[in-house]
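In the two assemblies presented below, chain A is common to both, partnered first by chain B and then by chain C.
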Partner chain A sequence: MAILTHLPRQLLPTTPGRLFLLLPATTRAFSALSRPPPNYPGHVPLTTPERVLLGAGSALVCFFNPRRADLIAACGEATAVPYFIYRLRDAMLRDATGRRILRERPRITSKSLDLAQLRRLRDGSVGREYVRWLDRERVSPDTRSAVRYIDDPECAYVMQRYRECHDFYHALTGLPVVREGEVALKAFEFANTLIPMTGLSMFSVLTLKPRERRRMWATYFPWAVRNGLGAKEVINVYWEEELETDVDTLRSRLGIEMPPDMRSIRKAEKERQRREKEMMKGV
Partner chain B sequence: MQSIRPLRSSITTLRLVRRSRTYATTSRSDADLYDVVIVGGGPAGLSLASSLRSSSVTNGLRVALIESLDLEPTRKWNPAPGTYSNRVSSLTPGSAGFLQDIGVWEHVKRDRVQAYKGMKVWDGVSGSRITFDADLQDGASTIAYMCENNNLTSSLLSRISQLGEGIDILDKTRVEKISYGEDTGELDLRSWPVVTVSSGKQLAARLLVGADGANSPVRTFADIESRGWDYGRHGVVATLNLSEEQLGEKTAFQRFLPTGPVAMLPLPGPHASLVWSTTPENAVALKSMSPTDFAAMVNAAFRLSHVDLDYIFANVKTGIANEVAWREKNTAFDPWRVPATVTGVQEKTVASFPLKMRHADSYISERVALIGDAAHTVHPLAGQGLNQGIGDVRSLIKALEYAVQHGQDIGSVLSLEPYYSEQYLKNHVMLGVVDKLHKLYATTSAPVVVARSLGLDLVDKLGPLKKFFMAQAAGR
Partner chain C sequence: MATRSLYRSAAAKRLFVAAPRCARLYSSGSSGSSNSNAADKETHFGFQTVKESLKASKVAEVFSSVAASYDTMNDVMSFGIHRLWKDHFVRSLDPGRKPGGQPLKILDVAGGTGDIAFRMLDNAAKVHHDFETSVIVADINGDMLREGEKRALAAGYLPSDRISFKVEDAETLNTIPSNSVDLYTISFGIRNVTRIQEALKSAHRVLKPGGVFACMEFSKVSPAPLDAIYQQYSFSVIPLMGQLVAGDRDSYQYLVESIKRFPSQQEFAQMIRDAGFLTAGRGYDELTFGVASIWKGIKPLEVKK
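Coming up: the complex of A and B.
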């Protein structure tokens, strides 16, 4: 936008259409009726009002229906600019591995990963834990939707990479995909990547059961903040090259502590509730 | 008012005295008497010498100039076309006007001087920018002239020889000692500085001018403290060859990176002069790069993010050109603002020097005046170094003319005071502004970046304010 002000003013009102074509797409002003061509396949350039509306609307729907993964993705993209996605990209550019990832732009799909081979890896390796997690949740790496609303192609890739690596973070931290685990992991991601959507999703702590919420405040948020800020940037992990690495080794290399096992806590809790109920019946 | 005798007659007396002294047998105060002894044959010293000679008021003064280097190569300076020295200075219209007045400008090889009328300056973190166009100023068509220092000094020497005998130029001569003279009974030289040079000759100066650079021996003799600080940065200079297709209108480009500003200044044809102020480590790395990598790095400096530049300097040792090409493809930069692509660097032109800020407590003391770098050293980001030196000469010559016309002793503090009071504050403000600019742009702290970008955008849009800054920088 700043560029426009440097043009000879008399040119502006008369020949806007032609003039805008001279400008790079990222700085070009347009309306919903004259959308510029995409910067990469699948890209949808948005005007600022559209972006604000998309961000707010998708955030609202996700709050009530966190199963709308498509909207969570849209919300993540709409709120990542300005600043946040550039910061994350710069964090990658400052790191040798991060730079290599940006240069090679690897994608995580069921084709790029040999899942059958991962199943044969020994227990405790990153690949084995990842595929165990996929199997248990009955998802595939392909279920991640493509980035559409980030204008810079490289930043769009960074967002895509974050999204595709999210499943590895589950394997890394051992946090389950239940809502409680997801909120704890998002808090960790927010502290580590500063992607605003991960911060926004912490509001869903309000939708947790009171007991879960207490556990979140007492145990998992402090863990997330301490580890998210203290650990190295997890976006710089070249997961494809770490499949055979031991999860513990990788965790200590990144400086992440294992959070208290949420599954066993929840199991113990349920057990106790069941026993209490039985005792009540027995009385 | 120490002497109200007309100076001319006093000179004659002195000469007579000196001649009579040659018959004397004592060798101790065999000093040759001069009205003005200039130490230093750089642009400032030579400008002073030639302006003293071209002024009808001061051309009767007996002047000597001492320079440690051989000036003969500069006199015969005749470079091959298309090759340029890496020591290039920006001359403001004000400085060029003064050189014109003292008859030097016509000796300058004009085909090797490049005028420019546009300047693009931007923030390397936020991209916020300001453009200057000479048209903004009424009747002006030039922001500055880029001129090789050799071109200027050789023109000054031709002008001096054109004016005929009258200045004793002692080149290949070092200053061995400066001390006060003695009272021989017939002549009291106790307040006169006497310069002993490497040939053994002694020069007694009514006025001793230090144009002898940042480590000025004259300043040390006069016991004038020079204060300031080192920036911890080096200025890397080089002469660049540019891609011919992209040459537009001659424009100066400057981008403020957190490590320091990088500037590309136009020279005639597809050439430009580089001044890149950066960390000493980066300067060492740049100097040891292959010409291809060096060219790629200069292109990167105007195009890539500071994050990329830092990474490449710190981590990429081989294949820099390849790394830069990849990043250029993925970095959204505005092609309108960046200079033409650098295709190569001229042989043996990559050099570096440490950057500092210094300002002498005073420019004058009894029978001593300091000009140019001896008085002040400035960060090169505004291209003001040489112009400040020429400003000093212009002001000092005015003061000396007044003193001569009014029969004052030209070496007295009274005669020199107008020079000091005119130049000190002016130079101090310039040094301060340039120093603050360097510091303001040396940070990546987000609130500072936002504030400085808003400020720059504001100045860019406020015509009168911009005009004011341009007038200050143009030395009008």
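Coming up: the complex of A and C.
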């Protein structure tokens, strides 16, 4: 066993090799007072107790305050090791496009995407639908926080890529930025990428209104599980190259069906509630 | 400097704690800055090495980002004990007009949010029935001063001439006239000053002969086993709390590194004497096993020839 841990991962046999994904990337023990040098700018090597505290603490704060995007990110990073982020990276390595993404390491930032140019694209293209979704939800491709707590630089990039593509997943599925939409999308992401933080986000179902919760159990969770498990890995989509692709073509290529439009359902329900209230007032 | 290399080898081998925010301001933090201007010396910013001219702005950045959650973070980091320290600090100084004396002019440096200033005014008012003692709160960071002004307004100290807020660099204190201050206090601020000896010299300048210099700052914990626990707590828990509570790990990493960098109780007492102050006994009193200490000095009266 001791000999095998010193072999580079690539040389480990595939099936039992999967079990070695449970080993941390660095087996050197260190303390907070003598951290090893960073592997990339902004990297903070954490000890295991620190990682546990960060994961638990950030999850707790996020449950009560889901607007803390930086803590959602930190929770994702703290809980992604030992196994899950390596599994995701290996899923990228198994796919040709994924390998290209890992080689070229494209970044999606508010500067790298020209929104004006995307708006000029053909209706129904990925880029056009993405910008339409941004405008409908009144959000921007804001700069996501940089990954800091994942030791392996390649896995740090995988996490960064997942974070930056999140808005594209919104556009692909049409889910809105309200709490209900985010929970549904996180369920889909968990089924597809197996990142633990997305699974932990399922606890925020408890913070939804009863009607929303019923919709979640009846419609969106089954949709998320079905599509997340059945679809190809969305992490392997080279979004920068797919901007002009027809979005329905991309969906069928990936094996994703659109969920019922959440915004129109919510709007119809608000209308119904308003009408009921007026009727009650009239009585 | 010998001290810098000592810390560099003893502490983390890490050279960069570069957050995107900080990276904007300086380009080199390692020993590869051999072509730097001889006049622009280097100093420490936590465990990083930066040009002296940049340290003030980097410190200002840290405090701008922590200003809003400053008190919450202080409570979280020290489990509320910082309030006891500050109460003890002010009570031991007992500011206020003594019978037969004059109201005091107090200068509280790096006192942005007004913690110490409010306690001084309360002590003067409640213990000595003195509503004329005034405090000037000076800080290099406008955001902290704004926070202090807000609190002064809310608590009723403003509008009045008992308290005023000024942007000042502790090393120069440009708008404070010499020999004008009865009591100079600096609480948990002096470790952030680029050239501490300059700040001590400025303190000496603005104080009246017979005036009191009082400084409260983090210091070295003894005995050694307790220090080991304290260091672990500092470097593990505090940056984590900074991330969870304030969303800013790097500022709190800087804070704990700057605490470690600060001279020991004895060294700092000697620096105070070197600036021209008279100290009593060792020159300092420790609080909570040395987590914080209070140093006091008096500017000697002029020797009449």
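Throughout what follows, the second predicted complex is superposed on the first by the 251 of 283 C-alpha atoms of A that agree within 3 Å, B and C clash if a C-alpha of one lies under 4 Å from a C-alpha of the other, contacts with A are read in each partner's own complex, and residues count from 1 in each chain.
Please note the rule applied: a residue touches a chain if its C-beta (ideal position, glycine included) is under 8 Å from a C-beta of that chain, and two chains touch if they have at least 3 such contacts.
Because the structure is a prediction, the values reported are computed rather than measured.
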Just checking: does A:Asp152 make contact with chain B only, chain C only, both, or neither of them? Give me first, second, both or neither. first
Go through the superposed model and pick first if A:Ala74 touches only chain B, second if only chain C, both, or neither. second
Just chain B (first), just chain C (second), both, or neither: which does A:Gly255 touch? neither
State whether A:Pro49 touches chain B only (first), chain C only (second), both chains, or neither. second
Between chain C and chain B, which one touches more residues of chain A when both complexes sit on the common chain A? C
Touch check for A:Ser58: first (chain B), second (chain C), both, or neither? second
Quick one: is A:Gly124 in contact with chain B, with chain C, with both, or with neither? Answer first, second, both or neither. neither
In the superposed arrangement, which partner chain does A:Ala32 touch: chain B (first), chain C (second), both, or neither? second
So, A:Gly230: does it touch chain B (first), chain C (second), both, or neither? neither
Mind listing the chain C positions that touch chain A in their complex? 11-20, 23, 231-232, 235-237, 240, 243-244, 247, 249
Where on chain B does chain A make contact in their complex? 127-129, 131, 305, 307-308, 310-311, 315, 326, 330, 332, 334-336, 457, 461
Taking the touch rule as given, give the residues of chain A at its contact with chain C in the complex, in rising order. 31-38, 41-42, 44, 47, 49-50, 53-54, 57-58, 61, 68, 70-71, 74, 146, 148
Footprint of chain B on chain A - complex, ascending: 2-3, 5-6, 24, 26-27, 90, 93-94, 96, 99, 102-103, 152-154
